Amino acid sequence: MTVKPATPPIPDIAQVAAAPSGTVIGDRHWYAIRVFYEDTDAAGIVYYANYLKFIERARTEMMRLLDFEHSQIRDSEGINWTVRRCAIDYRSPARLDDRILVESRIVALGGASLDIEQLVRSAEGKLLASALLKLACMHANGRPARLPQGLRKRLQTAESAPFTPQSASKST
Amino acid sequence: MTVKPATPPIPDIAQVAAAPSGTVIGDRHWYAIRVFYEDTDAAGIVYYANYLKFIERARTEMMRLLDFEHSQIRDSEGINWTVRRCAIDYRSPARLDDRILVESRIVALGGASLDIEQLVRSAEGKLLASALLKLACMHANGRPARLPQGLRKRLQTAESAPFTPQSASKST
Amino acid sequence: MTVKPATPPIPDIAQVAAAPSGTVIGDRHWYAIRVFYEDTDAAGIVYYANYLKFIERARTEMMRLLDFEHSQIRDSEGINWTVRRCAIDYRSPARLDDRILVESRIVALGGASLDIEQLVRSAEGKLLASALLKLACMHANGRPARLPQGLRKRLQTAESAPFTPQSASKST
Amino acid sequence: MTVKPATPPIPDIAQVAAAPSGTVIGDRHWYAIRVFYEDTDAAGIVYYANYLKFIERARTEMMRLLDFEHSQIRDSEGINWTVRRCAIDYRSPARLDDRILVESRIVALGGASLDIEQLVRSAEGKLLASALLKLACMHANGRPARLPQGLRKRLQTAESAPFTPQSASKST
């Protein structure tokens, strides 16, 4: 729908994995995951629901890098993130012992919600799955909550960050 | 996009649950699920990825009622079902000990794929989540496979079945 | 360690499955489970951690049959069940589409805890896994709680119930 | 049963986490895990079955450090690891966003099996859960397989490695 920005180079997975909360390069957050037996099914591949676990881990670590840890904003602000919508395309399966990368990018920021694109890639950068999610902030009583002001600012910065290829080298 | 068919009445969940593979009423398959601790998360609600488990259970039982059990078509025909796309909207959360219903309806049938709509409802019929999935038949080598002929016939019947409210009474 | 009671006959799994909370026969609770893709792993069998999900479902349904639903005793009494110890032997694997039975029997009842034996069997009664668990009642603050009086009575009855083979026929 | 070796100092979790396959110090393998929503349940703590996932990840990474990756020995030798027995004590719960450590130590090595002790600790070293497992090597047909010779040697070395406190500093 929007002009697709130039695809950034795929960072080295060993470098990404060495930073347990992943790495931000330009407007993308990169996070490395290893596929274990628990993730696979009898078809020999990662079970389709488990990609939603993978991308939630990546979102959680991205928020943590922005200093908005889930349990902390729940305890201090009384709000939780909720997924309102998730559309995911499965392109190619991941398998036991594979290392994969999750590439996350905020694509829209609303008053109480945000849209995020999350791509699951092989270590070599091959696209395995692509997801588009709408997340909302919710009070404990289920009512929508405005995004915490500090988070909004940090996300706006993340959203508008031009992709700067040279930042890939100073990643970790 | 298409004319929305009249919504069928919600069947009694106790009756649905008494049939472990669920119940077909008109063009819908109904399947009952209980929410256990394993399905919930620290926000006190069903974790978002677990709805994909719930609807996969329902699809599996629907196929079993049509005599196309997953392990049997894998062993006899060498084919597996693969999810190519899943778009899911989360409306209202399910919680520990809730009983929920999955309502499944085939909305399109291709040569090697099918589209299925799956709605997750509370026992009282309230919509909790709605999903639209594209499934494909695949050979073990990852190549697309045509749907087994017998299954295609049975699915076409299921797809075209007019919704007949009176069938609700002769359900089980 | 104690005299092993005579093994009861294995009930018909179709009858057990038709009762969504399972069936009590003598001093045993029987619960039927179907193995789905989500339960299996790339070795083609049920993933070892998932047996703990299966037996927790069975315990939950057994408690529900005794009128002590988890969410209800949490909300009304402020207590949760906690697993303190679980020792499980894996004998033979369950596979995709298998139907299995969980046989649960209370073996000891303390002031704030209970010991329960849970056997996972194939539909034909073959032993797949056997587990012995120690559960405790806990207040929300993590302190041990005495078992609710009504539950204690019902569990004592369940514990002492002599195994009566004729009850197998009037199961459901 | 055996003389308990002196407890090693708890390594710094940030250092452990920076090595995605964890770190070997003396006769112990240390592996860092972050607790995500997927791991927790409606009681607000890590669901009891998920500790079995955590310790399986740690075992997998320990074997990978020894150059015996699961998928590789399955494809080249036709053997899989199977858990025969797991006894786990739950001491104190882990919660959302916690970082935890898994400490693994081989305690016995048989012809076709090995016993491993796995301790789950908080980042500060507090014991959260302790498990003792018996693993066996199996052929695809379900028959026991002898441990690959190279692996046996490497495990014997790991098993007999005296705990050397000074090695903690040259960890990564």
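General remarks:
Read from first to last, the chains carry the letters A, B, C and D; within each, the first residue is number 1.
As a working rule, a residue touches a chain if its C-beta (ideal position, glycine included) is under 8 Å from a C-beta of that chain, and two chains touch if they have at least 3 such contacts.
Given the structure is predicted, the values throughout are model-derived calculations rather than measurements.
Compared on C-beta pairs in contact, A-B and B-D come out with A-B as the pair having more. Each chain's centre was taken as the mean of its CA atoms, and the one lying most distant from subunit A is C.
Subunit B and subunit D have centres, each the mean of its CA atoms, that are 38 Å apart. Averaging C-alpha coordinates per chain places the centre of subunit A 28 Å away from that of subunit B. Listed for subunit A are residues 37-38, 42-43, 49, 53, 56, 71, 95-96, each touching two or more other chains. Considering their complex, residues 42-43, 48-50, 52-53, 56, 71, 74, 80, 82-90, 93, 142 of subunit D touch subunit C. By the touch rule above, subunit A contacts subunit C in their complex via residues 37-38, 40-45, 47, 49, 95-96. Contact residues on subunit C toward subunit B in their complex (touch as defined above): 17-20, 32, 34, 36-38, 53, 56-57, 60-61, 64, 69-72, 95-97.
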